[in-house]
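I've put the structures underneath this note.
In the two complexes below, chain A is the common chain; its partner is chain B in one and chain C in the other.
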Partner chain A sequence: MGSDALLFYTFAAITVIGALLVVIQKNPVYSVLSIIAAFFGLAGLYVLLEAPFVAVVQIIIYAGAIMVLFLFVVMLLNVPREDAAEWDRSHPLYRPMAVRIGAVLAILLALELGWALSLTTGLGVGVAEGADAMSSVQKLGEVLFTKYMFAFEVTSILIIVAMVGAVVLARKREE
Partner chain B sequence: MSSLITTLTSPPYDGYIAYGIIVSIVFMGLQLMAAVMVYAERKVAAFMQQRYGPYLVGPKGLFQPIADIVKLFFKEELRPKAADAFLFSLAPIISVAAAYLAFAPIPFGAPTTFFGLLDEPMPLQVSDVNVAVLVIFAVASMGVYGIVLAGWASNSKYSLLGGLRSSAQMISYELAYGMALATVVMYANSLSLREIVDAQRGYFFEGTAFGFIPHWYIFPQFIGFFVFACAGVAETNRAPFDFPEAEQELVAGYHTEYSSMRFAMFFMAEYINMVTVSAVATDLYLGGWHGPFNIPAELGGGWIWFVIKLAFLLFVYLWLRWTLPRFRYDQLMSFGWKVLLPMATVNLILTAAGVLYFGL
Partner chain C sequence: MPIGHYLVLSGLLFAIGTAGVFLRRNLITLLLSVEIMLNAVNLAFVAFGRVAGTNDGQIITFFVMTVAAAEAAVGLALVIGLFRHRESLNPEAFTSLKW
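Moving on, here comes the complex of A and B:
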């Protein structure tokens, strides 16, 4: 096993275990930290894919900016630890119908993932060939502002709308 | 002995040994800088307040940092009963690790052979990432976790308030910090710190009477430098922006409950962060290792310039701390959002126009 493969499995393990811990963890602060660990694993995978720019942006935006706000909210609201027994008794997700529908969805998801994987070709091909364009920040910027211009602008409008909405909702009512 | 050196410095090992040397230089150098800064801080403070400062341990009190470290090592490790044990220990580790990590992509000298020790000259830089500027920004944004978690895990109101203040402050000033970085990146047309430094070689107006002005970005980007300096001081939580540990209001802020080595880690992280911000400022605005005149390689080469500039910026840090009183919290916020950020944005737009239309 080459060092690349070793690194891949390490980062993949960090990502998967981190993502699992987010759900399993009872203390919400630990959940936030686990998801940060998962983001770091993902960033490592991006570096292995020769896209350091995407990796760093992933850390700046998700691990750096968004998760700090999450942590902020979780700490300030002082969300209590989840009590498993109480959860079992009262939560609506444990109604029999919900469990059945959820199980069907889970099986469908697993089947579709397997089906998609069986159809995917070129799994063994190295990534370096296609990665050139993505690793260069300049080329990424050019593609973003020419080919994907519409998607880019629509996304920015969406973000501005969300920002304005948040300000409107959070503002004090004047009466 | 010499044969060992020959073996280790020839292929295929020379890459590793060079790498080992550079990592040790940076790691030990940062630790040493932290110790020197502790001493310098106390001496400068004493000078500005017309006191003596430390003078008992060693000549002129030079060994005071060693005494401090020994004291911190042997102090009792206290942890509040209600604290979250795991996060309480993790927080200082995150802080100090982020501080060390942030120095990795910073170049501090032209390629050198270490006075002929290596066959190939190697750059004085731990890791030459092509997105170095962004890496520094990303790691700086990780440092806030150490402080926030310390505040939360201590389970004490002063710590929590300190941690929350710090995160609010760092998030607010990160924007201006990022804008200032982006402007330099645009001006130099590169994200690699090494290329940005190399673009600052030489002089402005070469061949004219003003040809002595070095080609440093601080001259065209003086607004950017001002924004970067303010945001840098705020990012490192130093006076006049030291709200997370405002003594009069919060005891000691986020590290109120910390003692012994865990406290020392926060302390070290703060000083290393100061060194890092100063080093980034040196590389981005003060021409890195390019000086008004060249220092020949026999005398050490360009990194001497780097060290001089770094030392000056660090002195400015101490100078600020003992000159300016602390802002009020609302002043800090309105300064960050209403002055620094618009200033940085206008500077960014003007620079973009300049680069696009006048080919600056």
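Moving on, here comes the complex of A and C:
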């Protein structure tokens, strides 16, 4: 096993365990902290895929900005922990018929996915085998401001709309 | 590393995110699960871009991140509004439109 494989499995384990903890934790503060761990694992995977700029953006924007926003709201609202006893009685998963139908559909989906994967060729091709990496930040910027110019500008409109929308939605209503 | 490994990891993360959306009963954890799903897709984009030798996968990832940021901002503003309204973050508390 090469060092690449070792690094891949280490980062993959960090990511998957972090993501699982997000879903398992009852306390939202711990959920936010474990998703940050998962994002650091993902950033490592991006470095392995020779996309260092995406890795840095992942940490600065996602683990930095967006998760601070989440943590801020969790602490602002003083979010209560989920009560396990209440979960059991009122959760839709408590209904046996729904669980059976859902389980059948989930197994069907998993089988079909496995079938599709077994028919797909080229899954064994190493990521670094076929082509050279295109990781230069200069190239990224050039493509972003020529080929994807329109999408880039539309994104700025999206950000403005989201910002205004967030302010309007979170504002205190005047009675 | 074979591309298949990255795709399986991506699918696993997406499944974890989906499970979180269906299992958890806290609007903030629901939004976090959606973020996990978006990141799973990002990983697949970057892996495919690396195999193809283009940087289109990385560019798409930036757009997904922007959308995720917008979604988080609007979603959290909605959560704050809903919490003011009902003093609860349980999705079951907001069923006025249910018949």
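What to note about this one:
The definition used in the following text is that the second predicted complex is superposed on the first by the 125 of 175 C-alpha atoms of A that agree within 3 Å, B and C clash if a C-alpha of one lies under 4 Å from a C-alpha of the other, contacts with A are read in each partner's own complex, and residues count from 1 in each chain.
Heads up, the rule we're going with is that a residue touches a chain if its C-beta (ideal position, glycine included) is under 8 Å from a C-beta of that chain, and two chains touch if they have at least 3 such contacts.
None of these values were measured; they are calculated from a predicted model.
Applying the stated contact rule after C-alpha superposition, one finds that A:I36 touches chain B and leaves chain C untouched. When both complexes are overlaid on chain A, the residue A:I59 reaches chain B alone and has no touch with chain C.
In the superposition on chain A, contact of A:T155 is made with chain C only, not with chain B. Once chain A of one complex is fitted onto chain A of the other, the partner contacts of A:V143 are limited to chain C, with no touch recorded for chain B. Once the two complexes are overlaid on the shared chain, A:M75 sits against chain B while remaining clear of chain C.
By the touch criterion defined above, A:A5 reaches chain C but does not reach chain B. Among chain B and chain C, the chain that touches a larger number of residues in chain A is C. Overlap of the chain B and chain C contact sets on chain A: residues 53, 57, 65, 69, 76, 135. Of all the residues in chain A, the ones that touch chain B in their complex are 29, 33, 36, 52-53, 56-57, 59-60, 63-65, 68-69, 71-72, 75-76, 135, 137. For chain B in complex with chain A, the residues that touch the partner chain are 84, 87, 129-131, 134-135, 137-138, 141-142, 144-145, 148-149, 152, 160, 163-164, 167, 171, 174, 191. By the touch criterion given at the top, residues 4-5, 8, 12, 15-16, 19-20, 22-23, 25, 28, 31-32, 35, 38-39, 42, 45-46, 48-51, 53-54, 57-58, 61-62, 65-66, 69-70, 73-74, 76-77, 79-80, 82, 87, 90-91, 93, 113, 117, 122-128, 130-135, 139-140, 143-144, 148, 151, 155, 158-159, 161-163, 165-170, 172 of chain A touch chain C in their complex. Within the complex, the chain C residues that touch chain A are 1-7, 9, 11-13, 16-17, 19-20, 22-26, 28-29, 31-33, 35-36, 39, 42-43, 46-47, 49-59, 61-63, 65-74, 76-81, 83-84, 89, 92.
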